[in-house]
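In the two assemblies presented below, subunit A is common to both, partnered first by subunit B and then by subunit C.
So, the complex of A and B:
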């Protein structure tokens, strides 16, 4: 038992060391970890401040309120800590679904070719053409999108076309490689070729696709919440942004903290997820490591 | 082995077919793109019809219920009124309604606004659409051209200081959501630093300015569109720059560039007609994605800046549940994207003739 545990720690240490070869990517990775920690563990230590305190409206940061207070005198820091969970859950659900669709059908299309390929490509072209945000707005008017998992599924179901194109062209080029032809000549079977030869070589692409799908989902869901199309449920960075915008927080001198904090949280999350992919590339693509 | 024996006659038939004029027209690149555009348009129209008409709580039924509850109308009367507004004959079977709906759309009939009775949806769209085409079109042209030039520059000066600065800027800009950048522009340029007057830049035209071919009109239109355009440009330029940079680095290693240099061609000519032209080709496939994204994003940007274009109207009608306007605007936005994609495809095939020969990707 002890040796297994030690081995796991060692391989994790090795992975972290590989990731740290790329400084920017590693910074992104650490930032993502911190945001995850803050959003999922933080709420146990910093409960959401829901009490209206009329005498403490729009305060600037102080020892008591680290990020100041909002239009009802509530602590902004507690809202930031509690507001990330929903955003991240929706992003992960949507990202996982988009990546799953893109990788499965992209590889299938690229590998099978012929009619299957033509069909997948034309469906992708159609979905890609329909502007996502207007469609989401129309959907928001017709069905209630107040369940976060449900919202994530809808975002994921719409967000795959661009990723599928990338995966498909990657599969097309991998198909021509010598090692795939060798595997074919050895008659190793389609399942083996796809899961042991092609997919491991596309791991980098899959990880990047997942990260990009997540940022796309963050973009769309915050937009929906900001413009009041998803019913407010609890605290969420999008809701904070929306309230700050609607209450005209941008026009008061001391209220800038209220609008800038959710803005900063969202932008930092987006940036870290994107930069983190550079380090993940190193882990999944050994060829990149030698150059460093 | 049997296939090699039977193969030649099959090939001959194909060649004969290819020679006939009809085959050539129907399988030409142009025709295929038109067909694809029309098919996509049909899918979107059908999807919209089913959303509006077939969902369990569809807006037509909701509207009828509303009329009955609010004004105590009998069901038939309410149904008639709903039918008139949505321009659907509700007494027909569903497929009849569908055909009717398609027929109406082909004639530009999208029903009448629910909230401002008597105003046809088409006239609302005609009033607001030009502003979106104007602002989004100018912004895309600026960011595309500027992105290509900057990307080319970055590839030539790669690993230089300016390349690093521009790369960092491009990555940051492309990961900030466009509506957040819009809010930041208002906060900092407008409110904090007081550089611009956000209030007077709202809307599409200042009061008193009449549309027409006058300098005053163009200046005013640009003044009001400046903030949306700036936002579109800043949020899209990053991805153009980065893609162009990596594409240019790839082209610079090609043999024909080395040959051109060996022939002693002028540096400027190599950059523009050898490197620039070939490196910018992959950008046009990205353009199709960008058009949809920017037009879709216009909903948010126009709302942030109170710029009355088609996106602003879409969000307004969604918020007020004006379903007929919402449906019409959604269709027009999608059609605009389909048409823009069609032209991007044609432009791409004109720039890269290999595409027309069917060697896509």
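So, the complex of A and C:
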């Protein structure tokens, strides 16, 4: 047991070292870690401020309120800390689901060809042509979305077609490669060929697509909240943005902090995720590592 | 019983007007321990033939026999035996290794999967042995390398080591040295020859370079392919010294000689056309007739000439010229006709 644990720690260390070769990517990675820490551990230390304080409306940042206060005099910082969890969970669920669907069925279609391919591609084409946001609006009106995981699943279930087409075309090209033929000659089996030979060669692409799918899910989620189609349960960055909007935040100088903070939080999260992929590329594509 | 036998094997690609017959009724046998060199210009169907022999491509007609058994009719177990017994080494060392795997992964995975080694450590030790067989020493230095950290020659050696993991009896070397620097070709060829001797591996050596064919298969046989058909085959020494088919003669005459003296004495075969006909629009009869200097109109452009045996050994698909011997290099008093000069260009210095 001990050696297994040690081995895991060692390979994690090696992975981190590879990631650190790209400074920008590593910064993004650290930022993502900090945001995760803030959103999942932070709420234990910074409880959500729910008390209305009429005398403290729209305050600018100060030692007491690091990011100022909102229209009810509540602390914005506590809302930022507590509002990230939902956004991140939805983004991860949606990103993971859409990437999983796209990679599994895209590789299958490309690798198997024939009828399976024709079927997968036609389903993809249909989903691809449906305008996403209007469909989401209709769905959100039909399904009660008080569970954020459901929201993530719906976003993920709609977000895969473009990636699937890309994965399929890569699989079509990769399956013709000599190293795949060599693996067939060595009788290594279809599972090995797909998961050891073909998928690792698409990993960089998949990782970037995963990041983009997360980004898309964050925007879609915020948009749904902004349209008022997802119940304002608890506090998240989308709800904050929506409330600030309803309060006419863009018309009043006072409320600039209230609307800018969730926007900044969302943008920083997006930027960190996207730049982190630069480091992840190094992990999955050995040719890019110049540090060695 | 021959190890590999091809019976009237054909392979076509595409449909309708686009249909191309890449390999047309090819038959040959390879005995255990033998070397057969498949020679021809690019696009003549050599690689397609090699892939069909290796079971990676199904023929559209004809049978491939392994140990006398048709591979298309084998049961699962027999096919697996055949699969492991026959390996292929690809031409392009930059495409034949997965860029995301280390040498260790490439070699140990087949070993573990097919239980050729016991446990991780056994596989590790076996992998080191295999790397040493292909002259990658010290082997430990190569285990953690990715393909992009290796040279073309080293990659090709890794490919060979990977093929050896399943202890093959037969290797299809598809232009295995043609993309490697000329300076290291000889050592690669020598390494392959050593497998031939030490491990009794039978070879199908596919190449467009007759000088390589001579070097590698001097004791073996050569088959010359032209536009999907075998036009001449036989023991290498007979084919090289006494080629009968006009196409073989043209190929041999076109081999550049390093020795200017020899080059001057070499006979030139003037082809009537330098263009290779398109596979989409093959000429009737013998496909070489539009280029052949000895063409007999009314005979060559009517019927496909059969591949008939000749008394000197092998077969020639040219009834017009099959009994006529020509001198490719003019004799000089006291000098031997065939010298090793054209082979020696591949000998390493010192």
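Definition applied: the second predicted complex is superposed on the first by the 279 of 292 C-alpha atoms of A that agree within 3 Å, B and C clash if a C-alpha of one lies under 4 Å from a C-alpha of the other, contacts with A are read in each partner's own complex, and residues count from 1 in each chain.
We adopt the following convention: contacts are C-beta pairs under 8 Å (C-beta built on N, C-alpha and C of every residue); 3 or more make two chains touch, one makes a residue touch a chain.
In this text the structure is predicted, and so the values were computed from the model without any measurement.
Q: According to the stated criteria, A:185 is in contact with first (subunit B), second (subunit C), both, or neither; which is it?
A: The answer is second: A:185 touches subunit C but not subunit B.
Q: Identify the partner contact of A:157: answer first if only subunit B is touched, second if only subunit C is, both if each is, neither if none is.
A: neither
Q: Pick one for A:149: touches subunit B only (first), subunit C only (second), both, or neither.
A: neither
Q: Have a look and say if subunit B or subunit C is in touch with more residues of subunit A.
A: Of subunit B and subunit C, the partner in contact with more residues of subunit A is B.
Q: Between subunit B (first) and subunit C (second), which does A:33 come into contact with in this model arrangement: first, second, both, or neither?
A: neither
Q: For A:16, decide between first (touching subunit B), second (touching subunit C), both and neither.
A: So A:16 meets neither subunit B nor subunit C here.
Q: Should A:274 be classified as contacting the first partner (subunit B), the second (subunit C), both, or neither?
A: In the superposition, A:274 touches subunit B alone.
Q: Given the touch rule stated above, what does A:41 touch, subunit B (first), subunit C (second), both, or neither?
A: neither
Q: Can you check the complex and tell me which residues of subunit A touch subunit C?
A: Spelled out, the residues of subunit A in touch with subunit C are 177-179, 181-189, 192, 196-197, 200-201, 203, 284-287.
Q: Could you please specify the touching residues of subunit C with respect to subunit A in the complex?
A: The touching residues are 51, 54-56, 80, 83-84, 86-88, 90-92, 95-101, 109-110, 113-114, 146, 148, 159, 162-163, 165-166.
Q: Can you check the complex and tell me which residues of subunit A touch subunit B?
A: Contact set of subunit A toward subunit B: 122, 125-126, 128-135, 137-143, 162, 169, 172, 215, 218-219, 222-223, 226-229, 241, 245, 250-251, 256, 259-260, 263, 266-267, 270-271, 274-275.
Q: Using the touch definition up top, name the residues of subunit B that touch subunit A in the complex.
A: Where subunit B meets subunit A, its residues are 36, 39-40, 43-44, 47-48, 51, 55, 57-59, 171-172, 175-177, 179-180, 183-184, 186-187, 191-192, 288-289, 292-293, 295-297, 299-300, 303, 311, 314-315, 318-319, 321, 323, 326-327, 329-330, 333-334, 337-338, 341, 361.
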